[in-house]
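Below you'll find a set of structures to go through.
Both complexes shown next keep chain A, but they swap its partner, so chain B is in the first and chain C is in the second.
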Partner chain A sequence: MSAPAQTPPRISEPLKPRDASRAIKRSSIKRDRFFPYALSAPAAFLELLIHIIPMLLGVWIAFLSLTQFSIANWVKAPFVGLQNFTTALDPNGPIGSQFFDALGRTFLFTFLVVAIAWSLGIFAAVLLASKFRSNGFFRTLFLVPYALPSYVTTIAWAFMFNQRDGMVNRFLVEDLGILEEGPFWLLGGNSFFVMVVVAVWQFWPFAFLMLLAALQSIPNEVYEAASLDGASLWKQFTRITLPMIKHANVVLLLMLGLWVFNQFDIPYLLFGPVSPEEATLISPLIYQQSFNNWNFGVGGALSVVLLIALLIVSAFYIRLVMPKGKSIDD
Partner chain B sequence: MIETRGFRILRVFGLAFITLIIVLPLYVVLTTSIKPLKDVRGAFEWIPSEITLAPYLDIWTTVPLGKYFANSLIVTISATILSVSIAILAAYALSRFDFRGARSFRLIVLSTQMFPGILFLLPLFLIFTQLERAVGLQLNGTYLGLIVTYMTFSLPFSIWMLTGFFAAMPKELEEAAMVDGLGRLGALLKVVLPVARPGIIAVSVYCFITSWSEVLFASVLTNSDTRTLSIGLQAYASQTDVYWNQMMAASVVVSIPVLVGFLFAQRHLVAGLSSGAVK
Partner chain C sequence: MSAPHFKSKLGRFTAITSIAALSLSGLAACSGSASGSGSEEAGGTITYWASNQGSSVTQDEEILGESIKRFTEETGIEVELEVVPWADLYNRILTAVSSGEGPDVLNIGNTWATTLQASGAFVPFEGEALEAIGGAEKFVPAALATGGAEGQAPTSLPLYSMAYGLYYNTKMFEEAGIKQAPKTWDEFLATAKKLTKDTDDDGKVDQYGFTLAGQRTANNAHSAFILGMQNGGELYTTDGKPDFTNDGVVSGVNDWIQLMGEDGVVSKSNAEINDGSVLPGEIMDGNAAMFFDQAPGKSFNAAGFKDYAMAPIPLKNADATGLEATQSLVAGINVSVFENSDNKDAALEFVNHLLSVDEQKKLNAKYTSLPSVTEAFDDPAFDTPEQQAKKEILANNAAPMPLFPTEGQMESLVGEAIAKQFARIAQGEKITEADVRKALEDAQKQMPAS
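Right after this comes the complex of A and B.
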């Protein structure tokens, strides 16, 4: 490949600073072509090794018969076609029925946690959007649950929800006297409720954070004009605040929703590797099938179903954060 | 909002209510961590019968907390440094150059962030086992396996956030530096990085917090020698006989590094986290 011919600058003219910078650019054109690739290579390599290849392999193992016996030499595991999928998705079979129950439960869990976390978040954000004394203190305090490691707070909640001598039962039975005997919180149907409480406590600060930033981008003059027109606080909230933070809301709800939907840590830390039946979510179910029942093929099939569902959602998400032809930062 | 009297009253009660929700578990953790053992053997009491710091000393022998701590530090710090360095390079490329494949690269980086760890866990475990068989590189149960995994998982967000930071900086900065005889790389290292320091600190804190708190991969990719804090404490807390005062003391101790980091970088982190949503 030959470089395009360039006219050399005439010697009689002195080199102006602008020309100098142009000359440098021109001389580094060739290097520039490879420079961005060299810069992105390490990140691309890691993404390939830890994300892309495992994802493709994950699809492949869904078609293998993979148990604790074949796992050590999984490359030689027998190909079984769609058998894992029929096992995993048979609504009358033991695993299939578990899967569909878990799916419905995970949707309910996601809806409840996101709805409550959003409500708390917008409430706190409205209260703290304007400046007043001790405003900064509350802002920092409200972010503490988000900053603490999730295993610390979840284990603390498990301690508080202990049936025999936990804080919650002590409060309900002795302090308030509304219950005769403290129920088991981490077993049966109550465990789902506990999971919601813990998740809301951990996730709502994130909603608060995003919503506060969105609220602060609304100029105060808008509210001033509205209140001059006699609009009530509630009207200002529904007519001004909510419409103006719509974009932030869409992104927030989607991010938070995916996050909660994929939740693994909270049930794992509350209940151990196997959740109570009434509280089994999708991610823990796949984990359980793979690493407790040693049924890696079925775990793989469940993963593929989840992957397809999330691909659809994330295509939608990327459209939102990355409008056509634009970069994410402008 | 315009502050009417009603709004101010609502604010007082609202803030009190939310503060109560947040403080209650923190109160239980802190008070339990300074209770003597007999206080946590029976029913829960709001106030310790006496205050003792013994749990903070005893926990180090009850569980190998020092070892877990060292493991977590090794894995987290290595993953953070590597991840942030790699993210800086990639984000710089994305913010300053228009190159073929940039868009797909960005797309892949963004979309992998959406998928749950569980989708990658089993295949990664299998790849690691196979690598060990084929070339003798041990990744399951070693620091290296965990470090590589953690650094990759904090990459997407770091790249996203740093791209924004770099894009906001004027290009003339590097152009001037290059006129002064610095190369492209020199301009990045000597001119861009010092200016982007707040962003880099924020991203580092983010990486540190995510790796420090990670549970899923640690539960499968560590063994008794490389166990990190999350799995070590989870294993202890799920035993039948738990010294809860010591457990809570451990909780306080392991929270300190991330809490300090968070408070330290709060402003930048908040700006970075929310910038994607607000724009």
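Right after this comes the complex of A and C.
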């Protein structure tokens, strides 16, 4: 990613006589003004088509009574105002209480996964940024979870955590003999932690990759100078490494945070269409309401609330953490 | 690498909007995964989603592949077959209905017929469409009645007819000295307890009297229906309002849940099973002695397993009559044509093929189910003792699942509520009848107004 150019390039200017040069400059400024828009138009169009319009439709659905009676011709679904929102947000109602539980749980899940994935990522990246033998091997190895299709790996995890025949329980009960009886990993409270483990496994290589790239842009001389001045490795890490990869971090944490927050595949593949109560995240809950219970209006209302919550968090994040105004070279 | 920076308010606004869009795209992904598409070449190809009736998807592909071959030879119409596992079928249909992108012909569980009919996404079989498949008279009336709500043209036609039965491992019965299948719920519990034991004396129970798929919502809902009826309770009031918390339904559901709880005749590991097709394996492996199922014969046959027999599901009261003598739902698989199909004529022709007497005989023989077309139903080929028992159950002791448009949601919500109780029991919690009532109450609160 690179910063947008501050001024248009003027490559041809020195080669032309003064008057002609002015005319060309004027037209080139005109052209340059238009040029960035022309370049971004296809992207903007696709963005509109793929993200913005479905998002607006999602918001509209939240105000409709959309069930099996109206789904085939949903444009004609009855408008019910805020009714879906009152159902979805009533903390004493069965859907509202599930929603608020799921919201808190999703924040916790996101925090845990991002924190652990980032820590593992930075640890491995620092380790592998230095040159040593079999460095390349480890880099490839660490990227394997990222390269494998998440469907395949999550289903493999589900097999491993199966209570009766899973590898995990076999190992704990039969091989190590630590436990008398294999616990249930995919039901109840444990299911939340299994979900965290699988998500960390899947997301940490991305953190590793981004951080490794960022680390490699730090010139070696800085570290050499620091060590000449007697800075310990920890000091070098906290005073040089972290500040110099700050901007990569900011973007990485935001992206990871949003991906993990909206996580759907992992719970769906681990638990099926209905997650255990203790592991119900927001996206699967919306899916459950919309598709299992054919209550698309309530599903839409939940999505809108989620959208607003994420917008607020992201807006604060961007305002507080993201670099502003000045150009940064790192 | 340099990070993006936001110089203007506009830039920042754009960034925030993109993030919002990005964050919602995950949700959009939930809804946009319709696969399969309506056929494009007129007269040429249609798509068919079949439910998983055989012992495996591969077996289905073989059986249906042969039938499709016969159809293509006769008509020149190609059929693209996709066998959809039960765990996915309902969701796939819902996605198809909501996106308008679906197959031309599809199988549905007949209990969903009324719910799917209400969506208006399927061709009603009346007039020409009904004539194209040979008229309503050719069907077994009880099977045809599952095609949709009373008084409306059905949007699905019965393809395979089934009834629940109690299947058991005869060898295990013999070894335990049990002479005959239990007829009442008390006898059933006593038998199940007798068969629940520690066979290798290591202090752990390794053989159970009964097995079930705890996370399989449809099966849980079916049990709630059957056992609820036996206890004198129905899931809906006569005018179509959900009524999950009447005493009969609560007792019936409680009976079902306590099999794993108080009675302890079901292994707690069953709480995790979300695929009913693994249950015949439990019987064959000797992990459990009995289970309720509709047509597991093909799984037993595929494995060459002979030591099984079928009896009607035990009754709560031996001398029950009427609704309380319900031992099964009128179970089965129906076939529908998608309203958005680009090639309805070919689709109807294919349905007609599946419902022809010849195909009915061939397919139902392979799937160990019963034909839904009278001429095939009465054929001597479908008169084995098991099939005769099934026919009798269907004639005298079966009721259709509630024919109300919210039946689909009821199956999901009641099934989930029960699945959650099994999960709690598996983790050592004790579930009382009051807990069951509370769970059903929560489920009922989530039902949409019909």
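Throughout what follows, the second predicted complex is superposed on the first by the 259 of 330 C-alpha atoms of A that agree within 3 Å, B and C clash if a C-alpha of one lies under 4 Å from a C-alpha of the other, contacts with A are read in each partner's own complex, and residues count from 1 in each chain.
Rule of thumb we're sticking to: a residue touches a chain if its C-beta (ideal position, glycine included) is under 8 Å from a C-beta of that chain, and two chains touch if they have at least 3 such contacts.
These numbers come from a predicted model, not from an experiment.
Enquirer: Touching A:I95 in the superposition: chain B (first), chain C (second), both, neither?
Expert: Second partner only.
Enquirer: Which partner does A:P149 contact after superposing on A: first (chain B), second (chain C), both, neither?
Expert: Only chain B; A:P149 stays clear of chain C.
Enquirer: So, A:P78: does it touch chain B (first), chain C (second), both, or neither?
Expert: The answer is neither, since A:P78 touches no partner chain.
Enquirer: For A:T67, decide between first (touching chain B), second (touching chain C), both and neither.
Expert: It touches chain C, and chain B stays clear.
Enquirer: Mind telling me which of the two, chain B or chain C, contacts the most residues of chain A?
Expert: Looking at chain B versus chain C, the one contacting more residues of chain A is B.
Enquirer: Could you tell me if A:T140 is touching chain B, chain C, both of them or neither one (first, second, both, neither)?
Expert: Touch partner of A:T140: chain B, not chain C.
Enquirer: Applying the document's definition of touch, where does A:G104 land relative to chain B and chain C: first, second, both, or neither?
Expert: A:G104 sits against neither chain B nor chain C.
Enquirer: Taking the superposition on A as described, I'd like to know which of chain B and chain C A:L307 touches: first, second, both or neither.
Expert: After superposing on A, A:L307 lies in contact with both chain B and chain C.
Enquirer: Which partner does A:G272 reach: the first (chain B), the second (chain C), both, or neither?
Expert: A:G272: touches chain B and chain C.
Enquirer: Based on the superposed arrangement, let me know which partner A:H51 touches: chain B (first), chain C (second), both, or neither?
Expert: Both partners, chain B and chain C.
Enquirer: Determine where on chain A the residues touched by chain B overlap those touched by chain C, and list them.
Expert: Shared contact residues on chain A: 47, 50-52, 54-55, 58, 71-74, 164, 213-214, 217, 247-248, 251, 258, 261-262, 264, 272-273, 283, 286-287, 290-291, 296, 303, 306-307, 310-311, 314, 318, 322, 327-330.
Enquirer: Residues of chain A touching chain C in their complex?
Expert: 1-3, 47, 50-52, 54-55, 58, 67-69, 71-74, 93-95, 162-164, 184, 186-189, 213-214, 217, 247-248, 250-251, 254, 258-259, 261-264, 272-274, 276-277, 283, 286-287, 290-296, 303, 306-307, 310-311, 314-315, 318-319, 322-330
Enquirer: For the complex, which residues does chain A have touching chain B?
Expert: Touching chain B from chain A are residues 17, 20-21, 24, 28, 31-33, 35-37, 39-40, 42-44, 46-47, 49-55, 57-58, 61, 71-75, 120, 123-124, 126-130, 138, 140-145, 147-153, 155-160, 164-167, 169-170, 174, 201, 206, 209-210, 212-214, 217, 223-224, 226-227, 233, 236-237, 241, 247-248, 251-252, 255, 258, 261-262, 264-265, 268-269, 272-273, 283, 286-287, 290-291, 296, 299-300, 303, 306-307, 310-311, 313-314, 317-318, 321-322, 327-330.
Enquirer: Show which residues of chain C lie in contact with chain A when the two form their complex.
Expert: 1-7, 12, 15-32, 87, 91, 94-95, 97-98, 100, 115-116, 118-121, 215, 217, 267-269, 271-272, 274, 339, 405, 408-409, 412-413, 416, 419-420, 423-424, 426-427, 442, 445-446, 448
Enquirer: What part of chain B is in contact with chain A in the complex they form?
Expert: 1-4, 6-7, 10-11, 14-15, 18-19, 21-23, 25-26, 28-29, 32, 42-45, 86-87, 89-90, 92-97, 99, 101-102, 105-112, 114-124, 126-127, 129-130, 133, 148-149, 151-153, 155, 159-160, 163-164, 167-168, 175, 178-179, 183-184, 209, 212-213, 215-216, 219-220, 229-230, 233-234, 237-238, 244, 247-248, 251, 254-255, 258-259, 262-263, 266, 270-271, 273-278
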